[in-house]
Amino acid sequence: MAAPRFIDLTFREVEALPADTVAVLPLGAIEQHGPHLPVSTDYVTATEAAEAAVASVAEAGAASVVLLPGLAYTKSDEHHWAPGTIWLTWETLMATLVDIGRSLQTSGITRLMFVNGHGGNSALGQVACREIRRRFGLRTFFSHLSVPPDQTRDVANPHELGLGIHGGHSETSLMLHLRPELVHMDLAERRVPEHLADYELIGFGKPVSFGWLSDDFGPDGHIGDPTTADADTGRILFTAAVERIAQAIVEASVFDPTPR
Amino acid sequence: MAAPRFIDLTFREVEALPADTVAVLPLGAIEQHGPHLPVSTDYVTATEAAEAAVASVAEAGAASVVLLPGLAYTKSDEHHWAPGTIWLTWETLMATLVDIGRSLQTSGITRLMFVNGHGGNSALGQVACREIRRRFGLRTFFSHLSVPPDQTRDVANPHELGLGIHGGHSETSLMLHLRPELVHMDLAERRVPEHLADYELIGFGKPVSFGWLSDDFGPDGHIGDPTTADADTGRILFTAAVERIAQAIVEASVFDPTPR
Amino acid sequence: MAAPRFIDLTFREVEALPADTVAVLPLGAIEQHGPHLPVSTDYVTATEAAEAAVASVAEAGAASVVLLPGLAYTKSDEHHWAPGTIWLTWETLMATLVDIGRSLQTSGITRLMFVNGHGGNSALGQVACREIRRRFGLRTFFSHLSVPPDQTRDVANPHELGLGIHGGHSETSLMLHLRPELVHMDLAERRVPEHLADYELIGFGKPVSFGWLSDDFGPDGHIGDPTTADADTGRILFTAAVERIAQAIVEASVFDPTPR
Amino acid sequence: MAAPRFIDLTFREVEALPADTVAVLPLGAIEQHGPHLPVSTDYVTATEAAEAAVASVAEAGAASVVLLPGLAYTKSDEHHWAPGTIWLTWETLMATLVDIGRSLQTSGITRLMFVNGHGGNSALGQVACREIRRRFGLRTFFSHLSVPPDQTRDVANPHELGLGIHGGHSETSLMLHLRPELVHMDLAERRVPEHLADYELIGFGKPVSFGWLSDDFGPDGHIGDPTTADADTGRILFTAAVERIAQAIVEASVFDPTPR
Amino acid sequence: MAAPRFIDLTFREVEALPADTVAVLPLGAIEQHGPHLPVSTDYVTATEAAEAAVASVAEAGAASVVLLPGLAYTKSDEHHWAPGTIWLTWETLMATLVDIGRSLQTSGITRLMFVNGHGGNSALGQVACREIRRRFGLRTFFSHLSVPPDQTRDVANPHELGLGIHGGHSETSLMLHLRPELVHMDLAERRVPEHLADYELIGFGKPVSFGWLSDDFGPDGHIGDPTTADADTGRILFTAAVERIAQAIVEASVFDPTPR
Amino acid sequence: MAAPRFIDLTFREVEALPADTVAVLPLGAIEQHGPHLPVSTDYVTATEAAEAAVASVAEAGAASVVLLPGLAYTKSDEHHWAPGTIWLTWETLMATLVDIGRSLQTSGITRLMFVNGHGGNSALGQVACREIRRRFGLRTFFSHLSVPPDQTRDVANPHELGLGIHGGHSETSLMLHLRPELVHMDLAERRVPEHLADYELIGFGKPVSFGWLSDDFGPDGHIGDPTTADADTGRILFTAAVERIAQAIVEASVFDPTPR
């Protein structure tokens, strides 16, 4: 069953959507992903996963849900230096999300879930979720493609040291699963900033974050080890992500923080 | 042959694109289109026509050209009142186009053509073309889906009085050609504001334009006569539009206003 | 009879203006107009034509109308490079027009007509007309100084090839009629970008527009052939423009798009 | 001798202006001025005084000076409630002044003097003077129409208690001198907020200023006593203001804060 | 008795503040103050004076008053060139003051007094006072640290010629009183732009103001003569300023411009 | 030893700071914190912890470090409804942080660490860290007051279920340690939204975040269980936070992501 799409409806069909329908908005990115991956990587993974999750929820009848057209151009300022990156400033992306939230309010939509494929959108997405809730009253949710370690432990690359955040083992595997014809494994090289392990508090996933640009780590633009990627790992990661997003959509359709 | 897509390239492939490559950016809209058409109408027509034109140019080897992901959400403020419309303010859309122009400059792209499916974007698109040229040096072009009367005279609906500007005979025919399963001909009704003919100077396509909202013309939201639409007319219109856009892309690849 | 001027009224006289009074706002420009014309050219033509049209309507008692102070500084970004050009960004001019629209709403004015003398304002003016209608409820209209060919055929310069868009035959003639003392015919030279005729689809008045700056066409800044200009042609053009604007004002005072 | 006007020049004449030419920009306002004065009051006084001062300086050959078109629409937010007021927000007016400053830089102008007729512009004008100096390097100056008490003592109205700040004795006299046909002395009434004298520190011209709107003082909108106004007083005030502004222009043409 | 502080209250205590409570907001600056004074000078003087004045009013029970946390970072664009200056643009500071005004409205506060220690904030503060009054209905007041000559005549430095506006005799004396350990009198040098006296109309405190940057006067950054400063003068100035601000707070608690 | 403070320096002392000096900027908040805590809670904890950490690093000579004045007013939009909350919009706070970053660049500062006491600032702080790095080249770091569970396990309140995010056990304990006189334990009540445990994926600290306002959880405004708080727990939490921030400052002074 195909994912029900907001844009396939007439305006009167939109008006007639059930209460508590969850609108799902994929957030991609068009940005350099190293010499081996297309600049569409995050857009492909976000839109494919969101579409599959929406289809799964709809097929199961678990919630009323509609898929919105994903955003290809988002906040890739950390890759601003690179050809192939098309990035919006934080003001532009916030304005876009706010405009969408306001429009959904007019459409009678009360629940909005972002499905994000690009880490650089996460912080701004949090800001937007609150802004849209405050100004337009929507319940807003922000989910990522990443999946919990306990579901994917066996497919991780230990040589990445947990630093495969951009164009590494996982993303390359996902693309080998979803768009193998666009992956240039012959150009894949290991680029793991191992020296970050020297810092105890500052780093990716450590208590203190830092403001980085991708060329802080070298001219190739990716961070991780794509050489170990394979399509089967990509399939496992994708399936786990879709399942989790589908489950989150169902939760979002009934989520209510008000004390009972 | 498929249309060559910017986002399928790696960042180094983008960097290596030939000089004078034309990047083509479809501008759609998500907005009410009357009770009989999906809110995606302008997005579908713009992206389909752009894709076909880019493919045609590439196949003919007539110019170097790449297709960018189209914008689904644009400036539909004239339909702001309607469920199903998702609209950006003029500030947001301008900021988006400017950000894209700046990014293309970094990517080494020097020629950008908009292929626009939504009349409400035309004026702002003109402003953006100049802004991007001034600030980033790109040669910019703005084309529409509409085709010259002499190519499509035989398929026009005389009962529209030239007023079929939104969800009327032409657009409905296009959608019957491109997405027949999304068109509800049983709900199509004629909504032609015939009294506009009373005004000699003010009106659509007349010397003096006016600022209108679609609900100025009634609650159904469309303006025109969709009842006469058919897929064959749509096919003729679509083919003519694609041919013209393809020709414009080739011209754009060599266009130079500098006196010789 | 002098044109009735908004600013000559006390605030209580403004409050007491008849319903459906049309407020007329001239849009000029201060920008380079070639070596032979003053930078005020568009400001002079717009304000003179608007004033004459308003006076004519008022004298005839054909509608209630008031003239607003014209804007001298507008969007001349295509001439940004030239001494003598004083230009507002699109954001600034839009903000100005929006502020004026909001103020007119407070003043009880419900109909606003722009009379535009500068082509570079046209696109933004369209955007403003819709914005002001949506946010403040005014009926908005946008008219130009240009007149239909059938009224002015005999005074055109065939050597311009239809490319006399800035400081050419028509504008120079208008200024020879209105401000002969400011025109330097001894410095007038033909600057017609004839090679634009090589392009079938892209060009001034062609199906595909392009984003241009005036120095794209050479350092003199004007586009057209002023050498053939004469005051009598200017008088004919001016009279035709005033008549048309006056007629548009009368139409605007009763214009109503609502189906009857 | 007429005031030399920037806009009468061609762009090459602008380019050829002498170094240290002072560009003079009148700041008016369109705003309610009580039941007896036109909404143009501040615009009339600022533009007339600036024009006379520029003409005087030019005639005397005391400095190189050019007059810019005055701004009619400025920051009249204190009169936002009144029909007849057309006001820009602070953002819009600042953006306008910044755009003008940037354009004058391109024009080779290095000295800019504002001649302000509306008190509500004074604070923002100070901000703009610094912004334009910092960003574009112009020497900027801000002058008012008001004249020192020792020159005009004999024409003051003691019954105003120094509170005639808007539409009172002085402004009404100025308009009786400049535009007698627009002044409705039959509607002039005394509106002096005498109770403000109860406050020692807070008030007009006192050490602590306060944020006021004109309807804080009552529905008539003016603050002062116009009943005592006469054209002769207006003439004296006007002449004194023009002389002072002319003198300031000459000073501005040589002003240099750099220690010698 | 300590100054009652807004931030020491719970939100329900804020809600329960008496009507007409005056909230006092100190405006400091972090900016170069010459080689002899810390960059905190304006922040220290504004916050110390405001705190003392609030404490004095509260102790006397003369009005209900609360102290807000002062702004350290404000509009120091005239010192933008200097290390140690941390400055907000005019847009940022206006947005900050507007946001604070809106929040105070939600808190039930109806009277807001700024106590300003930095001259560069004065003009923008006037704009903000009106904006906050118009949009949020608060009565707003703007006071400075400066005191009238008749109270401090004996402590002035005649060698400054009235030009000690930044880091001169008065400010240095104030800091010798408030933070002697941070003043480097060994580095204090006289920097009086005596030549400004050559201009009759343009200058500090003269009828025509000018847009200046502090490095217009030389590389040391201060303007005045700190060499004569002493702590006793500082104490006298500080005491006079506190008394005046306290008196202004009391006035502000009952100030009403409405005619009775 | 007192924390070295940026603002105590003259501008030449700022200029002379060692390379790689870390500037530390505390981010507080003024916002409702339930009926029992002052609105200053986050401001107090952030500024006290940052000051103690800076003092500790300076005393140990472990790195060159300076403390900046903390921001009291930040992004508390989730508490916008409450008296006592003074909040900046995301635009205003971003503009403030960007302005500070630009000023620090002029000051020669190359490393900036935020010490954040308010969860609502975290996402925007991430955006700012990248923006400041991209535009001004500073290395930027973002640290929180929270400490790792293994250091504070024994002082947690198991009855909070991990939901004590605002005005609960930890924050109340911190304030009992730092400002006992401002804590109203008699008004402390347990407000734990236990039903959030029903959701597996959506929630605080769960994989899918949601946009919440504090009044989504009830009118008291806090979320957690303050009834178990005590000063000793506060002391333990504070000491651990200070130690960690001090360690992070030292790391930040040498942090370099460039591969070696």
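First chain written, first letter: the chains are A, B, C, D, E and F, and each begins at residue 1.
In the analysis below, a residue touches a chain if its C-beta (ideal position, glycine included) is under 8 Å from a C-beta of that chain, and two chains touch if they have at least 3 such contacts.
Since this is a predicted model, take the numbers as computed values, not measurements.
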{"item": "For chain C and chain F, chains touching each", "value": "none"}
{"item": "Shared chain contacts [chain B and chain E, defined touch]", "value": "none"}
{"item": "Equivalent-chain rotation between chain E and chain A, CA atoms, steps of 5 degrees", "value": "120"}
{"item": "Of all other chains, the one whose Cα centre sits farthest from chain A", "value": "D"}
{"item": "Copy pair chain C, chain D: interface residue numbering same or different (half cut)", "value": "same"}
{"item": "Identity of the chain that, by mean CA position, is farthest from chain E", "value": "B"}
{"item": "CA centroid of chain D to CA centroid of chain E, Å", "value": "27"}
{"item": "Whole-Å separation of chain centres (CA-atom averages), chain C against chain E", "value": "49"}
{"item": "Junction residues of chain D, two or more chains touched", "value": "80, 91"}
{"item": "Touch-based graph of the chains, sorted into line, ring, star, complete or other", "value": "ring"}
{"item": "Cyclic ordering of chains (reference chain A, direction chain B)", "value": "A, B, C, D, E, F"}
{"item": "Of chain C, residues touching chain D in the complex", "value": "5-15, 30-40, 43, 68-69, 72-73, 80-89, 91-92, 95-96, 99-100, 103-104, 106-108, 182, 184, 187, 221"}
{"item": "Contact set on chain A toward chain F in their complex", "value": "77-78, 80, 90-91, 94, 113, 120, 122-134, 138-144, 148, 191, 193, 195-196, 199-202, 207-213, 216-218, 244, 247-248, 251-252, 255, 257-260"}
